[in-house]
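Same chain, two partners: subunit A is paired with subunit B first, then with subunit C.
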Partner chain A sequence: MPKPERASGGRGWVTPAAWAVVIGAAFALPSLFASAFWLYLFDVILINGVMALGLNIILKTGQVSMAHAGFMAIGAYTCAQLIVKLGVPFLAAFALGGAAAALSALVLGRIILRLRGVYFLLFTFSLNEFLFLLSKNVTVLTGGNTGVMGIPPPSLPLVGALRSKAAFYYFALTVLVLASGLVAALYRSPFGRAMDAVRESELLATAVGYNPMRVKVVAFGVGCGLAGLGGGLFASFLGYIAPFNFTFWESVNFLLMNIVGGASFPAGAVIGAVIITPLPELLRAYVVWQQVLYGFLLMLLMRFLPDGLASLLAAPARALLARLRAAAPAPGVDSGRRAGEKA
Partner chain B sequence: MLTLASLAQIVVNGLAAGVFYVLMALGFTLIFGILRLVNFAHGEFYMLGAFVVYHLYAQLGMNFFVALAAAAVAVAAVGVLVERVVFAPLRSRELSMLMSALGLQIAIQGIMAVVEGVEGLSLPSPVQGVYRSGWITFPYDRLLVVGAGLVVLLLFYAFITWTRLGQALRAVAQDGDAALMQGIPVNFVYTAAFAIGCALAAIGGALIGPVFSLQVYMGQPALLKAFIVVILGGLGSVPGALVGGLVLGLGESAFATLFGGLTSDMFGFLMIMGILLWKPTGLLGRAEA
Partner chain C sequence: MGRVLEIAGLRKEFGGLVAVDDLGFAVDEGQLVGLIGPNGAGKTTVFNLVTGHLRPTAGEVRFRGQRVTGLPPWEIVQRGLARTFQSTVLFGESSVLENVLRGCALRAPAGRVAGFLGSRREEGMRTHAHELLSFVELEAVQDERARNLPYGHQRALGVAIALASRPQVLMLDEPVAGMNPEETQRMAALIRRVNAAGTSIVVVEHDMSFVMQLCRHIVVMNHGRKIAEGAPEAVRTNEAVVVAYLGVDDDAVA
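Moving on to the complex of A and B:
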């Protein structure tokens, strides 16, 4: 029996080819836009992409976390302090940062994932504030309000230190591509189906033999682990971290990226990062009104584009893919019918 | 060292904070219960209320209680406008409403920062001095918060229990569709609930203004308190807001006296963790469908 869910990417060469073009273009980007401003922006987009992708995993189980920046902070501080205070090599510190965030999420998740819907959301909001308070006050670990300074750029075995913004770009892009691949594989695995089931109805998921609590805790752990990795990237990119980098508004931004990009598929998170990250730069010309404009933009987006850009682009994109598949038919695949089914 | 005197002081301070938390949480929980809207802009209405009173009372010399009533009405009017323009088109899209409320929050904050500046302002209290009796000291400005807050709470209770609009509010909170079928003008009730919630927040801001200082960013910490209270008491539950607010106020006060101010900020959070372990829908909350 064929697996109908794989329609959008499993068979045929069109979809992988499309991804290859996108990734290839992304790798070529720094040679086209060499100015420091653009490279800085691209680097931040990649970091935000990893962050939004992590949140996407949590959203997939139907939980809206507002503590994503808090887990980013756990990763960022762990990675930074391991490097600065203990001289741990970058890759190890980077991985440990992700592990620290994932582990905290697994432990906390067992308690707080009892909460559903709005309760979970409100609680994660206060969790983010709590972590913010901790990072300001537990000076021994975090440096308090001054934060951690002098974090060296990432340095890799064989390659050496990635001092330039362009070098960082290639590293961050590799991380994002690997993370996207991991998430896509996760979503197609049986565990991905379990996540869908839990989102749609925990009761039904239980009835067919899933353990919703376990699914949610694991998804939360993986998602926050990615946030921790994003935090490590962020710390080594800026070279300086402080509590105000990880406020609740950052969590809102990661959520916004998912909504604007379209939370129902992993690429949506990355597309959202591409769209949302440059916004503050565009509004920067109006310093005084920046906050107000951003607020109104948020309200307008929710009013007129509540399901994200993906909802606008999905139908034409699907039609295009279907036409490409029809032009280059993979054996035994009735692409037109399948594309219709997904709509 | 815990003496009888310090115990009394804990109760007195906790009561003042608690009544204020109840006022904040009540409006928030009312708006959620009826509109299913997590009003992230709730702290901004509280801030607006404080600023209206500042201008009318401290600058124009109006009577404090007249200014208080004017603030409630003015902020309720802003609430009506906001509900009709921003939230009504998004009805029942919970995540969209929530994100819009976040947008509204920074929009109001930003506008007020431009209009009022970002420095802290002090609102002189309408009452001075301290009440002393044996081992209890109770500053009159805090006594005012408790007294006026209790009056407002009683008025709210009477309103929700005995008036037609109050009954309509409760009907819509229970089941919007059934209320509509009974001929209740549901859209009007939505707007009214939002406006009343905003007015309660404004009264909270106006009352606590003289105790703390005024600042355009004062809404965020207050909002956090409201969150903790409604998680404690159960979202959409009016008695829950009452119990949760008092529990948080008294608990924080005890913690601040025994362990210092910083831990008292973390107290609310730890208490929630504890209660959630035991009862995931809050003290008086109903299970979410």
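Moving on to the complex of A and C:
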């Protein structure tokens, strides 16, 4: 994500304007694709985008979590059961789902974030399995193998129920845009610098006055909170959730999205979701070869673009923005000149 | 001239091994103190005990009159006692400027919410970071990746990062280890400049001649104990010191 230059002489609006164009285009998308297949795919991409973005925050502190789908499950089950069993309004249930995931992460994080590298990875892998088995066996809370059925579509005050895939798309896109804004602000804040410091050297981060454990716990909490929100979106989108929606393989997919898109950019997580989500669908025509092609594509991407697609797009995007900025009229200078001409 | 750092009765045991035994010394405001001793004397252990990276078995560390024994390292930095590392420990993938900016981050008294939203502080930090980089003569390479710098520059950057928190006492862990004579002289000049600017300094080294030319007050350790303390001339002729260094011939040469 390009940083706004202070010395751009009143042209600071170019970058926000560029984002506005991107977001506007995203909002226009459903009107261009009427087919239910594409709309379904776009909806799933947005949900995965929120999920991958959450994992990106955790990766930024140097921890690789394989329990992301587990925290998604916590959010999904909380949101779904609050609506189905207790009749809680959607927005409240959605927020509480995110809060439940964030809270669990803050409590667990204090213990498990002491582990680093592969040890953290292996532990979160077994944590995901543990949560999976829990969702299968604690039937009272989760409905066991049958899961939770009959989850209504999201319903918003004033707007009402979002029954169509297009309506859901607008809601999910709004969530993703807000989440991206939050993450961008977080990364540009002093806390973002603390996360970078902890990732690059915990020892030196400690010596310049950061408490690495606190930084990692907070990042883990925020990241898993986003996973919980993604889970709530997912539950109300499908209308049905079961343990098999939240296996360890889903965690692998969220990690792949970050790797393919570029984990060092927040935009990379979303780009990764855009690319990884449709891959199995697009390869479906070659059923026998689907998994093989999928694996082969991923290998090619990792071999030739180890920093992800975002790294490939970053330079042209920056150049384009610089060109736009140069071409754009600076308000102060321009109005002054015009006033001069008139006189 | 007040005492800024006081160490008394410091002891550290690793299992059955006593690495530091009843060690005590003090640092006055503006003083440049050398802590020397042959390899294995316990210097680095003392360093880690004072900076909070290790917990002492017994004894006390007082910084500006307050007990800091057993505090976590980040709190000790926050109080104004900064450190560098023996080997180059840097944020290697980041720019030289960004490395120093991360060191400045502590000076963030604006509160968390304000810090989260505002970038005014960022400008103050950038000014300070540029001053520091020109102080350690690295402003020309501020946009380079830290890990691409030559060794001498990396060590100087380590000092700049430590200075960014505006410490009252700076502890340097073997600042000239592995340096050639020219780099060593540059580091000596840098340490003198930092000290002249008002920061008290403790240099932990085993290169005796380097510490002798740099410090007016020297503490000598061997086998975890203090064996001598005083001006360079007095320490040089001290019998225990001569035995400690010449008894282990390799160290005297190194």
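Here, the second predicted complex is superposed on the first by the 314 of 343 C-alpha atoms of A that agree within 3 Å, B and C clash if a C-alpha of one lies under 4 Å from a C-alpha of the other, contacts with A are read in each partner's own complex, and residues count from 1 in each chain.
One rule holds for everything that comes next: a residue touches a chain if its C-beta (ideal position, glycine included) is under 8 Å from a C-beta of that chain, and two chains touch if they have at least 3 such contacts.
Quantities reported herein were computed from a predicted structural model and do not represent experimental measurements.
Participant: On the A-aligned overlay, A:Ser201 touches which partner chain: subunit B = first, subunit C = second, or both, or neither?
Facilitator: second
Participant: So, does A:Ile151 touch the first partner subunit B, the second partner subunit C, both, or neither?
Facilitator: The answer is neither, since A:Ile151 touches no partner chain.
Participant: Once chain A of both complexes is superposed, is A:Phe191 in touch with subunit B (first), subunit C (second), both, or neither?
Facilitator: In the superposition, A:Phe191 touches subunit C alone.
Participant: Answer with first, second, both or neither: which of subunit B and subunit C does A:Pro306 touch in the superposed model?
Facilitator: It touches subunit B, and subunit C stays clear.
Participant: Output check: A:Tyr210 vs subunit B and subunit C. Expected answer is one of first, second, both, neither. What do you get?
Facilitator: A:Tyr210: touches subunit C, not subunit B.
Participant: Give one of first, second, both or neither to describe whether A:Trp289 is in contact with subunit B, with subunit C, with both, or with none.
Facilitator: Once the two structures are laid over each other on A, A:Trp289 reaches subunit B alone.
Participant: Tell me which partner touches more residues of subunit A in the superposed arrangement, subunit B or subunit C.
Facilitator: Per-residue touch count on subunit A favours B.
Participant: Looking at A:Leu122, would you say it contacts subunit B, subunit C, both, or neither? Reply first, second, both or neither.
Facilitator: first
Participant: With both complexes overlaid on chain A, does A:Ala179 touch subunit B (first), subunit C (second), both or neither?
Facilitator: Neither partner.
Participant: Within their complex, state which residues of subunit A touch subunit B.
Facilitator: Counting only subunit A, the residues touching subunit B are 64, 111-112, 114-119, 121-123, 125-127, 129-130, 133, 137, 252, 255-256, 259, 288-292, 294-299, 301-303, 306.
Participant: Please name which positions on subunit A make contact with subunit C in the complex.
Facilitator: 185-186, 188-191, 193-194, 196-197, 200-201, 203-211
Participant: Within the complex, which stretch of subunit B touches subunit A?
Facilitator: Contacts found on subunit B: 32, 38, 86, 89-90, 93-100, 102-111, 113-114, 224, 227-228, 230-231, 235, 262, 265-266, 268-269, 272-273, 276-277, 280-282, 288.
Participant: Show me the residue ranges of subunit C that touch subunit A in the complex, using the header's touch definition.
Facilitator: Touching subunit A: residues 51, 53, 72-74, 77-78, 82-83, 85, 89-94, 98, 101-103, 105-106, 108, 115-117, 119, 121, 161-162, 164-165 of subunit C.
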